[in-house]
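Labels run A, B, C and D following the written order; every chain starts at residue 1.
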Amino acid sequence: MSDWVTVATQSDLADTSRIEAFSDGVFAIAITLLVLELHIPEPEPDERLWPALVQEWPQFAAYLTSFAVLGIMWVNHHSMFRQIRRADRGLMFLNLLLLLWTALLPFPTNLFAEYLRDDTIDAHVAAAVYSTNLTLAAIAFSLIWWHVLRSHLVDHNLTPSEQRASVLRYSIGTLFYAACIGLSFISAPVTLLVQFVLALYYGFEQLRTRSSAVA
Amino acid sequence: MSDWVTVATQSDLADTSRIEAFSDGVFAIAITLLVLELHIPEPEPDERLWPALVQEWPQFAAYLTSFAVLGIMWVNHHSMFRQIRRADRGLMFLNLLLLLWTALLPFPTNLFAEYLRDDTIDAHVAAAVYSTNLTLAAIAFSLIWWHVLRSHLVDHNLTPSEQRASVLRYSIGTLFYAACIGLSFISAPVTLLVQFVLALYYGFEQLRTRSSAVA
Amino acid sequence: MSDWVTVATQSDLADTSRIEAFSDGVFAIAITLLVLELHIPEPEPDERLWPALVQEWPQFAAYLTSFAVLGIMWVNHHSMFRQIRRADRGLMFLNLLLLLWTALLPFPTNLFAEYLRDDTIDAHVAAAVYSTNLTLAAIAFSLIWWHVLRSHLVDHNLTPSEQRASVLRYSIGTLFYAACIGLSFISAPVTLLVQFVLALYYGFEQLRTRSSAVA
Amino acid sequence: MSDWVTVATQSDLADTSRIEAFSDGVFAIAITLLVLELHIPEPEPDERLWPALVQEWPQFAAYLTSFAVLGIMWVNHHSMFRQIRRADRGLMFLNLLLLLWTALLPFPTNLFAEYLRDDTIDAHVAAAVYSTNLTLAAIAFSLIWWHVLRSHLVDHNLTPSEQRASVLRYSIGTLFYAACIGLSFISAPVTLLVQFVLALYYGFEQLRTRSSAVA
């Protein structure tokens, strides 16, 4: 057993690649399982299919939003892991924490869609559960990045101020998602819309940041 | 958008391979989830299982068609990405757009199977929803190819006329699928049959094109 | 079809690996989706959980058999593709045909479990549907191997008699499965048992064959 | 069985990687399918959503425990296979045995959640079924490690006493899980809690072992 550690050398790149493969699997499955929550409408005898489908718009809106969120999370996971050279157990566990919130997302998505048009407090609770899930995922992302910097697992050297800037960036994202928990108690549909816009923005923002970093 | 390309460095080959792995995952899951829509028939007390299974032919026909469509899409995705040397964020997002329609397909497949024998406008609506999904997937394929050529992400140099020819080829495929939206309002079963034949044809056509390109 | 081979260039090894990755995905998903067909029993108010679980033995027997079948199919797919050096479109399409029967298996598994104890012709029909699915998968395996030999896609040279022997071996397996279609009309439970034993035997037989071939 | 080893040739590293890819797939799918067992509560007309969600805590507790168990199993599978240099058929079959219990876990998880608050023997039976599943998975892990050592498939040489120590470690884990079968008949909720703590402990224990080995 004493020589297990000695294993940690040249094959550590392989480590990262298996974490990435496992994560890709969970992201790909979660994003594809979302479709199972879309149900065929059963129109009344005197109702037609098309209005019944249109009536189900909260399901499609929640599907689209969660697809965008999981898609962007995958892109960001991908970008983050491209910078990680070595994997340790801590990274594995924090990554599992992130995957926990990733794999769970179909449940609050379904909950959100089901209660979006409810005119009681239930709509707000469903929106808050959804927003809490995303906030916890954002926190997991921050923890991974913080651990990676702290344990020198990245393949480049950031100055302390660059490190602070990169950690700050993740924290701001987390604050946005946390703010959505509050927003949930004002309007559930607006919360869903903001989540969707946030996903798109996050994608483009990361994009801009990285490009300028390269330049 | 003009600075997306500048990201391209030496580790971009790895990038493409992780996009491919994620896409393979979504294709593989979507194609396998189709089976969950096949339901065990519950024959009446005086009915036997075999005629009840035969009675469910629309489910099997829709299953087979969507399996063929997703299979060919995977083969073409594979062919396309073999020619892509570098990945940028634009490619990632356009690929996510394609995967959105890929992952969604089990829903319209189920809808189509459920309403195929309906004798009202609902059968046409279900067929049109299915055809629209495939058209949007074809458009996403075209966008990927257009972006890839425009941003010089391919590993070969096509002359402008070759580029136009290859983009045209995708556009024609998109037109075929769009025409199926119209066909949906004439006959739902014929639309399903045409989609199936189109999938087979598309597979063989691509095949011929590539071989002649090599020769 | 004669010009499929000309496509083969240096990047064809990558091709095989992506076919394998996609196939692994479908095998892994199909084998894991089987669990969705196991339902929590709902015992009567005066009934206990344990006898209700025992009562559900056909579901567990069908689950175990299909798990063994898919597991062995994956092992054999793996063995076969280790010998394949190059991939062409024909291989891709025949592999998709195999994956069609692989991905479909959860449906006849469910059907078989549901009707195993039925005392009408329905039990025989369900068993025959299951056996037909396995027979079609075995035929797809034979076709892949036949195509691979014929198009010189393997990484070794077999003499004509060795080729005949290897094709014959697959044909015998197919005959076994086809015989199970007949057996289905004699006894459904015996058919399930034979399929399970056949899966185990097939695994060990392949094992012996390969080892002796190496020696 | 003695001639399994002779199969090992130069392409055996590829073998291990495809076993790992397939296993990663099954682990990723099983861990993500768990979410399908979480059902949207249907509160009574005079009941609110939030208490109805809280009321469902056994489902969330079982989800979290199984997620932790499968996550740690994946981490350990990963650690074990990093030390395995060559794969033979025996390893493939024992690995399939492990995957059988992995893929099955969503079923006892659901069973456990459903009966956790039952005040009859059924709660104990459900807990025992869950614990038995984990025990069988632990035994499969031991068998793999025993086979790997016995057939010299590892990439390092352990002395006989180191081998005994490493096999013993797995056996102790198996005993812990087996003890949970007994604990199930004392208290179902305590059993779930112990399984969760055991998963965390197992993760950290492995972690600590590796770290100290580094020092």
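Quick notes
The rule is simple: a residue touches a chain if its C-beta (ideal position, glycine included) is under 8 Å from a C-beta of that chain, and two chains touch if they have at least 3 such contacts.
Please read these numbers as outputs of a predicted model, since none were measured by experiment.
Number of steps on the shortest path from chain A to chain D, with steps defined by chain touch: 1. Relative to the C-alpha centre of chain A, the farthest chain centre belongs to C. Rounded to a multiple of 5, the C-alpha superposition of chain C onto chain D involves a rotation of 90 degrees.
Looking at which positions face the partner, chain B and chain C present mostly different ones, since fewer than half of the interface numbers are shared. Averaging C-alpha coordinates per chain places the centre of chain B 26 Å away from that of chain C. Each chain gets one centre point, the mean of its Cα atoms, and the points for chain B and chain D are 37 Å apart.
Of all residues in chain A, those touching 2 or more other chains are 21, 25, 29, 33, 36, listed in ascending order.
Interface residues of chain A, counted against chain D in their complex, comprise 1-5, 7-8, 11, 14-15, 18, 21-22, 25-26, 29-30, 33, 36, 89-90, 92-93, 96, 99-100, 103-104, 106-107, 110-111, 114-115, 120-122, 125-126, 129.
Contacts from chain C toward chain D in the complex involve residues 20-21, 24-25, 27-29, 31-36, 38, 40, 43, 48-50, 53, 63-64, 67, 71, 74-75, 78, 82, 203, 206-207, 210-212, 214-215.
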